[in-house]
Amino acid sequence: MAYSYQRLDKDDVTVLMIDHQAGLLSLVRDFGPDEFKNNVMALADIAEFFDLPTILTTSFEDGPNGPLVPELKAKFPDAPYIARPGQINAWDNEEFVQAVKETGRKQLLIAGVVTDVCVAFPALAAREAGYEVFVVTDASGTFNTTVRDAAWDRMSQAGVQLMNWFSVAGELHRDWRNDIEGFGGILANHLPHYSNLIQSRDATLKN
Amino acid sequence: MAYSYQRLDKDDVTVLMIDHQAGLLSLVRDFGPDEFKNNVMALADIAEFFDLPTILTTSFEDGPNGPLVPELKAKFPDAPYIARPGQINAWDNEEFVQAVKETGRKQLLIAGVVTDVCVAFPALAAREAGYEVFVVTDASGTFNTTVRDAAWDRMSQAGVQLMNWFSVAGELHRDWRNDIEGFGGILANHLPHYSNLIQSRDATLKN
Amino acid sequence: MAYSYQRLDKDDVTVLMIDHQAGLLSLVRDFGPDEFKNNVMALADIAEFFDLPTILTTSFEDGPNGPLVPELKAKFPDAPYIARPGQINAWDNEEFVQAVKETGRKQLLIAGVVTDVCVAFPALAAREAGYEVFVVTDASGTFNTTVRDAAWDRMSQAGVQLMNWFSVAGELHRDWRNDIEGFGGILANHLPHYSNLIQSRDATLKN
Amino acid sequence: MAYSYQRLDKDDVTVLMIDHQAGLLSLVRDFGPDEFKNNVMALADIAEFFDLPTILTTSFEDGPNGPLVPELKAKFPDAPYIARPGQINAWDNEEFVQAVKETGRKQLLIAGVVTDVCVAFPALAAREAGYEVFVVTDASGTFNTTVRDAAWDRMSQAGVQLMNWFSVAGELHRDWRNDIEGFGGILANHLPHYSNLIQSRDATLKN
Amino acid sequence: MAYSYQRLDKDDVTVLMIDHQAGLLSLVRDFGPDEFKNNVMALADIAEFFDLPTILTTSFEDGPNGPLVPELKAKFPDAPYIARPGQINAWDNEEFVQAVKETGRKQLLIAGVVTDVCVAFPALAAREAGYEVFVVTDASGTFNTTVRDAAWDRMSQAGVQLMNWFSVAGELHRDWRNDIEGFGGILANHLPHYSNLIQSRDATLKN
Amino acid sequence: MAYSYQRLDKDDVTVLMIDHQAGLLSLVRDFGPDEFKNNVMALADIAEFFDLPTILTTSFEDGPNGPLVPELKAKFPDAPYIARPGQINAWDNEEFVQAVKETGRKQLLIAGVVTDVCVAFPALAAREAGYEVFVVTDASGTFNTTVRDAAWDRMSQAGVQLMNWFSVAGELHRDWRNDIEGFGGILANHLPHYSNLIQSRDATLKN
Amino acid sequence: MAYSYQRLDKDDVTVLMIDHQAGLLSLVRDFGPDEFKNNVMALADIAEFFDLPTILTTSFEDGPNGPLVPELKAKFPDAPYIARPGQINAWDNEEFVQAVKETGRKQLLIAGVVTDVCVAFPALAAREAGYEVFVVTDASGTFNTTVRDAAWDRMSQAGVQLMNWFSVAGELHRDWRNDIEGFGGILANHLPHYSNLIQSRDATLKN
Amino acid sequence: MAYSYQRLDKDDVTVLMIDHQAGLLSLVRDFGPDEFKNNVMALADIAEFFDLPTILTTSFEDGPNGPLVPELKAKFPDAPYIARPGQINAWDNEEFVQAVKETGRKQLLIAGVVTDVCVAFPALAAREAGYEVFVVTDASGTFNTTVRDAAWDRMSQAGVQLMNWFSVAGELHRDWRNDIEGFGGILANHLPHYSNLIQSRDATLKN
């Protein structure tokens, strides 16, 4: 059966950051807190680096779910920001879907909290709407790994592709020569061991 | 290939609670006992909250499998209750299948003990009968995670969708505004950390 | 070397519940949330059942640490309740130490959040003050198991005895005949599998 | 898409026990040794109980792979026993394939050591030959869980169904009333906790 | 500081099997069920092989705790069997302590369910009474590994020595030549991989 | 649905070793370092033993990614060696694709570091180009098992088959009699426990 | 036996940061990379906040061990910095011991890489020299948790106290009122979930 | 209490390699097979490098326990080699104890299989005999980590010090300058990631 490689294309990707809110984050337990914060900010840096249209959305900010984490707000001051009045599935919010449509792009990179709801529901709805959907699994969190495994399976069977921030970065960048410094900087900032490699090499070069 | 999002619809869902019996529960070891009890009762609260038709069934109650846990009996006093005389697969019991048919609904939410038998067999049979089948994975338990992984794979390959009680709740409710207090109450009762968020917020509001 | 068994004596025990606050609880990740909530309330039920003097304390309630969880407040309405204005180690608060002294008892049962600070510091201070100190390890939580292991080791080397709520209950009760119903009720409420045993037995007796 | 439930039928199943040899067993590390021995013998008891045609095969018995474990030899004294002279994939041995064909059955239950080779290769070959193939995952072992996960995925994608000995027993038996004593005996012998339930119940009945 | 090796001596050891009851066993979750059953029976075989005085005791047999597992009863038909009327700590039962004293031995090998109560309490009491105490950790079970770790620490700090059934067997036997067949038989029956080694060797010797 | 077993054929396989570089290897944490080194060298020995065309490639060798590990360079002195000037996906390098084409073979065995990028990207591209693609999962490493699971799923859904070095060896060799000594040597060198079996057998034969 | 609580005193503590070098860090695998980096920098921030004398040392910087990580160098520009020419145990370096002595303090907080060598050796030597020694376990890393457990045990038995950065911070600060903002800032910067609590609270206060 | 640092001294250490036999090794499951083989050979290389007196011993070589692994025999051709006729505890063999005494050294480094018997028994006996005893934990293996934890605790409480091969190497070598090449060679051969650091550095130096 013929297979067609749906490959991330920086000119055809939109990033959806869904419900990374201070309250909801306290529910995330399939990642350690330091690791998860790093993963989310790595994805944000990637979106900025490749100048990808990015859409922010939250649910019920003024209840226990809490405000969007300030680092994301600061990173994307001009991004569409849809504070949903009640819809659990962001795709049920017309303003959100409209913002996606207006980017004119067919590939969606989705990350959010929690994976089984805030990520899975719009991912499945976007699949039905004909989009190529990629979930950034390590910038999305939920209650525990059992819940995560079930959510991944449901999405995967629906044709959603499971990626991680590092593979997203690599698939978008394609060639180191496009910008060695910039791309290396993202790795150094978010992969402590890659940073160590650079430091060891620089020290050796100086000697 | 066109994908159609089979989305839980509270007007088209029936809940099947299969063999949550005191004896069989002692075999469940892929969840901690406190967590599993909480998950099962969360699903029961969801069924009640959304007024979903619910069918209870047990196998061999008066043998070592033991009685249905009393909390479920108490929660659904008027639900069809089929104490199967011997059929291992509930779908082999005509009365059970008839009860399902009489709901006139095409989406089945299944939970039970043990996952690989009491859940998987009727799930596969219901798939063959044309139903949309959703298994509530964290309200279903079995011997260990290795057995669970195999059972999940068999069901998933048959088109069964793997969910968890929280995503079931969210997909049914769709919009917080439909009933903020009621829905929030389920979360507060079954997610201790969500309850903590509410308490912290309430305390801050009082100050 | 002669060994003397320091055995919990219900007439010589005081219970210290330290900083079980809604905000701090979101930091606890060495236990699942359902399990931890169950453990804390089991200890509270034990304190009530044996009529043990119980002292509640919190740190900085009106900041991010949040309020004492309401279930504890409700359970011990007449207990000394020391909202510490700033001391991290409860033993640095004179009112708290005074409350302990006034019980006239020499055995302290300590539980709290987080284990490495709010439990360990007063436990070590109480050891220095000559008390027999018992930490209820599963009603005390912290960031992860690595932190917990180090905290347990520090306390154990200082002569603190590590227990769990179930062994505390058993060591205090000593003989089932002292109150079969009451003691069995605590087990049934906090050990789902013990409850299952009771239900299976009752069902068999009825047949 | 229409789904058809391929359900184990005791009149249409053949069991293939592949390379459970004393030497190869020392390589199995995805199960504890007691658990694995119990699982293999449970499957053997099931084959005997349902009088399923069973085929034994080994590879290179007189080398380091070692002899077939004696319990299996003793259990199936009249079963076809193909000591393969060199073929790694049992399906490459004509005598073996012929023995399978002669059963005239279309459902194959496969267990063996190691999962990724001795189970996966004949499972894939049998799929190509048109059989319905079911792997008994917990009576099949390999080097570690990473290897197992990859082997399961390869087989699952080829249409092999992943089961465990308990679900095999249940799907074959279908109704407790077919033989309560016999079926209960298998459970009691291979599920210590089910045996405990029986003992507790019997003791209560005596009182 | 001088250290004296307290070494198990088959002429100075008494075995205490405490509360291995059908109901209580369903609470044990720090070992898999097959592994735990094997461990308990291995210890029983060791006691029989070395002809060690063995004392059986249970707590509340006719309640939910259930009857002593029949394999132990059958193995030690003439052993003192103290069905305690209510004492949680077996050492609080005078008949039990008397039975221990009558053996005239100073080394106690203790196993039981659950570790933190039924094992730990008499172990600490026996230490105070001057016995050398050895707990057979893998024939003793409890709710989870966190509870186990705390119980082990409490006992270890009290001078209790933590062993496992295999090291108990080796320390008692001292020299293979004392009875190669008998000792090898225990290993073969309870260590599947040791049995495999024997089978592989025998097969090679036959060739 | 008809299933066709894509079986590794030593006359139709090419091996691609991608980016096993000293720097990148420090990022691999889903395998222990000893195990991973052993797996990679086992695959290299297999390629050599079956005389499979092998292609080496690296990315940015003179930056922090570091040089190809010397053992691989030494093992394949005459293999095509493509030091990619910048392409992250090896399939974007024309020289690499050309080298693959020139082997005239349609089955690709891919291993590399890191799995989610250096393995997954060319694997998906090769699937689109019509190759049968097999990933050697245990000779491919990445940041952690969560990232690995997502990458495996993406590849598996694209028709890539997940194997491990041992199953690759078995599927290629097909029959022990093709070269008992040579094949046994690979196992003995890379499976310490298989080596132990050989040593025990040899010792027995000598006695 | 009388117990004396050795309590960290900010006027009596010296911090020793040992061998946090870019090369050695690649060996650390008992912590995830993001978590470990966070822990080390948290300890550094604590040292700075409490103005603790801090001593940096490295071993063989210009070999594969690599340079001190630049963040530490930047944080303590005026700290004694002893690049040891060869001594593995920093305490064998006279200049280092002299720097410790010159602080005139008797409590040593030690963190380093790897735990079993660079931390354990000077910790034991310092114990012999009469210091009170505290190891910051989560700012110290090594090959795996098995190695760590052994190293912790060796140190603990020698009277070294095992702590974590958070308990160090709490024991030094003693009272929130000493500097709420400063202390809260350290927590917010290094505990993402504590930061979330602050954000949720601030958002509520604004509403 | 005064503490004295018992520090390994290459002029005062004897190495005891106990029962690393091909059959017994198949029982070791607390380490992966590649990792364990590497650890044992690392310790052997250390003994050779520092020219430490080394004593080999085995138990029942011509039974299922199997022969000493050939790599150890080859490494120490002139070492005392005591094939014990039956004693389980090597210290019960007079020839063995005599060989130890003849080294005239007071520090014993012990490694063996299995940890709880072949290591623990002579370790405790040697402690009683007045030796300083150090167990190389990662070159010693047993059935599982639960058994290991109990054995470690028993030995630690007896004053045995728990080390790992890397810390042994470091404590013996003391100063890199004593032999940079030789010591670095051991690290490179047994720590793949240290080897990677060297390769990356060498590559950088060449550029």
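Letters A, B, C, D, E, F, G and H mark the chains as written, and numbering starts fresh at 1 in each.
In this section, contacts are C-beta pairs under 8 Å (C-beta built on N, C-alpha and C of every residue); 3 or more make two chains touch, one makes a residue touch a chain.
Predicted model, so just to flag it, every value in this text is computed and none were measured.
Asks: Could you tell me which chains are in contact with chain E and with chain F alike?
Replies: A chain counts here if it touches both chain E and chain F, which gives D, H.
Asks: Please identify which chain has its centre, taken as the mean of its CA atoms, farthest from the centre of chain A.
Replies: E
Asks: Could you pull out the chain whose C-alpha mean position is farthest off from that of chain G?
Replies: D
Asks: Between D-H and B-G, which chain pair is linked by more C-beta pairs in contact?
Replies: Of D-H and B-G, it is B-G that has more C-beta pairs in contact.
Asks: Measuring from the mean C-alpha position of chain F to the mean C-alpha position of chain H, what distance in angstrom results?
Replies: It comes to 34 Å between the two C-alpha centres.
Asks: Which whole number of Å gives the spacing of the CA centres of chain B and chain H?
Replies: 54
Asks: Please output the residue numbers of chain H that touch at least 2 other chains, ranges allowed.
Replies: 23, 26, 32, 64, 66, 159, 191, 193, 196-197, 200-201
Asks: What are the touching chain pairs in this one?
Replies: A-B, A-C, A-F, A-G, A-H, B-C, B-D, B-E, B-G, C-D, C-E, C-G, D-E, D-F, D-H, E-F, E-H, F-G, F-H, G-H
Asks: Any idea which chain A residues touch chain C in the complex?
Replies: Touching chain C from chain A are residues 26, 29, 32, 144.
Asks: Please output the residues of chain C touching chain B within their complex, sorted ascending.
Replies: Those in contact with chain B are residues 22-23, 25-26, 32-38, 61-62, 64, 66-67, 69-70, 191-193, 195-197, 199-200, 203, 207.
Asks: Going by the contact rule set out above, which residues of chain G touch chain B in the complex?
Replies: Touch residues, chain G against chain B: 197, 200-201, 204-205.
Asks: Spell out the residues on chain C that touch chain E in their complex, using ranges where they run on.
Replies: That would be residues 1, 3-5, 7, 30-31, 137-138, 152, 156, 159, 161-164, 166-167, 170-171, 173-178, 180, 184, 191, 193-194, 196-198, 201 of chain C.
Asks: Looking at the complex, which residues from chain D come into contact with chain F?
Replies: My answer: residues 23, 26-27, 59-60, 63-66, 85-89, 92, 114, 116-117, 120-121, 124-125, 127-128, 143, 146-147, 149-151, 153-154, 157-159.
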